[in-house]
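Two complexes come next, and they have one chain in common, chain A, joined by chain B in the first and chain C in the second.
Right after this comes the complex of A and B.
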């Protein structure tokens, strides 16, 4: 009797096996689905965001612009209006809202140039940096302090007071020179220029030395 | 005999298969710290919504303050009832548990030494799906070891640079007038001379 039952069950063995596999396959479909993540992992992004490596100082940028360094492009993330009023030389305007527009992607997603973001402060520039960094774009930098620091350090540098070290004076001289490069005039600049013109070598003076006339010998004692 | 061997093989293969599937299901690990928004969504909310709140707008009963400065700075002084969560540690399991508890309730308000510092953790948490998060626009300073909270305006230009340059060009065209330094009038101090007195008699 038992043997008969077993035999009947075993005759369905392939169907039973197939059923189990189908059930398992169904289980795989029910597994929770995760949206494919865009860009780099959140942990990596956080570690990038924590490091201050992305900041570039205004002095460095000024130096690069003056030396006509071709290795970087400047991206102004402010509104178009402020961009038209004043921006860094040769900057490209990509307002934050249009960051991922099709026209702006060729500038951001390339590995040839360093991309330097800037805004009035580095608040919006940082946001642009983070979103682009998450997408895995390379060579992204942020101008530390943005245009406000640009103004206070390069365009209108503070004169060091008498009790400051010599380095402060040197730095001031460099900054003042670069501000002249960026179009600022100083009242003493003209005076210096005029002075240098008037410093043409003076005509050689002919000094005539009067020769002592030989006098007749006078009597001694 | 042949039939028996076939059954044996099939059963071994199927048990192995089932085992493999079971192991796969059991070890399936949920990836941690998933983004809830992609970069385009995030950018859209950043540019269309106001995520900044000032100290005056802060509803103290309905929000939780999160201090993203380092622990040392937090212990030195912090806003009332703030939780410390330094930027490099916001993704740790511990902190994520705390944040997940806050997810559907009070508003999370992030602040740091200044707005720029709090910007990064704010954006990070927003992308991870914490939509009830705001950024407190304050600046923290110390005066004689006392914490001073001042308002900070984000992205406010300090000065109109173009105007400054134009002004400097204009000024340079003016002839320089050297101001003559006026010599200070000499101060005359009159000293009363002692009058010579007639010689008085000695002893």
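Right after this comes the complex of A and C.
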């Protein structure tokens, strides 16, 4: 009796399977839809935001530029006018308002280069960083302090006072050297240059002096 | 949560090992269900056996339904799945060539290797043909290159490029599948039976 029942049911097995199949597919259509969160998860965003890799210092970036490091691109998120006025060497201007334009995406949405955002302070750059991070772009950094810090550290480094540690003097020397690379001219730089100029013909002068010394001796004879 | 490997739940180094295990399982299932017989595959074109159509259609439909349910429940992110890039004309021409090879030889590349493994002579010839084809293609690569690399459309899907609602697409696709199964059954009953091992 039971076997007959089972046999009757199993003779419809293909129809039953097809029905389940259609029901499952139809269930997808009927399910209430909800707005899915796009981009990366909030936990991942938080871990990116607290990561020490988020900021890059002006010294690091100066070092990279001087060593012609090809692994990063600088993105200036200020307005075009300020960009034309002054910017870092080889920087690309993508104003914050045009961040997600068609032509700026190839620079931001790639994995070959580190992207370094900067603005006058790091306020706008941070916003660009956050927006791009939400979209899931990779290798994003922010220039810590932006161009203002760039000026106070690299272009016009503060001279350490006498009571400061030796590291401060070393740092000052490095910063001064890098500022020279970026075209800053120091008065003592000229002095050094003049000294070096006066040093090179010095042997000749010494010789002439020796000759001068000899001459009076000769004259004496 | 998923996909498991891109999200680091399974380390990347396991890739090849998992691929080998899936490959062995796939080959075993193909062989066990008789797909290593060229008659079974050619049966789709002559109308006496629609197992291939049913199996692959069901596999596609079941997996797409499963993936979208998992996406809905948050176990899998569909946007992270790999979408094979489309080279339009290369795909069309390659599809035609593969279709001709399919009906003429009675194997697709996967099942031909299964049949080689169980020692079918026609499969050996078929795989030899594949090797010759690969050789000819490689030799004439510079001639084929514009088609091979051209008409590149990116990693597109039907849903994205036409802006369709994926859920309706799946529903209609499932209905088409059921209709295709019913029609193929009707055809199979009308066509003269062919017996083979």
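As a working rule, the second predicted complex is superposed on the first by the 167 of 221 C-alpha atoms of A that agree within 3 Å, B and C clash if a C-alpha of one lies under 4 Å from a C-alpha of the other, contacts with A are read in each partner's own complex, and residues count from 1 in each chain.
One rule holds for everything that comes next: contacts are C-beta pairs under 8 Å (C-beta built on N, C-alpha and C of every residue); 3 or more make two chains touch, one makes a residue touch a chain.
As the structure is a prediction and not an experimental result, all values here were calculated from the model.
After overlaying the two complexes on the shared chain, residue contacts for A:61 are found with neither chain B nor chain C.
By the touch criterion defined above, A:18 lies against chain C but remains apart from chain B after alignment on the C-alpha atoms of chain A.
Once the two complexes are laid over each other on the shared chain, residue contacts for A:142 go to neither chain B nor chain C. Look at A:97: by the touch rule set out above, it reaches chain B but stays clear of chain C.
With both complexes superposed, B is the one of chain B and chain C in contact with more chain A residues.
By the touch criterion defined above, A:26 reaches chain C but does not reach chain B.
In the superposed pair of complexes, A:151 makes contact with chain B only, with no contact to chain C.
Shared interface residues of chain A (contacting chain B in one complex, chain C in the other): 21, 24, 31. On chain B, the positions that touch chain A within their shared complex are 7, 10, 14, 17-18, 21, 25, 28, 30-31, 33-35, 38-40, 42-43, 46-47, 87-88, 90-91, 115-116, 119-120, 123-124, 127-128, 154-162, 164-165, 168-169, 171-172, 174, 176. Partner chain C is touched in their complex by these residues of chain A: 14, 18, 21-22, 24-26, 28-29, 31. Of all residues in chain C, only 61-62, 65, 68-69, 72, 167-168, 170-171, 173-175, 177-178, 181 touch chain A in the complex they form. Residues 13, 17, 20-21, 24, 27, 31-32, 34-35, 37-39, 41-43, 45-47, 49-50, 78, 82, 85-86, 96-97, 99-100, 119-124, 126-127, 130-131, 134-135, 146-148, 150-152, 155-156, 182-191 of chain A touch chain B in their complex.
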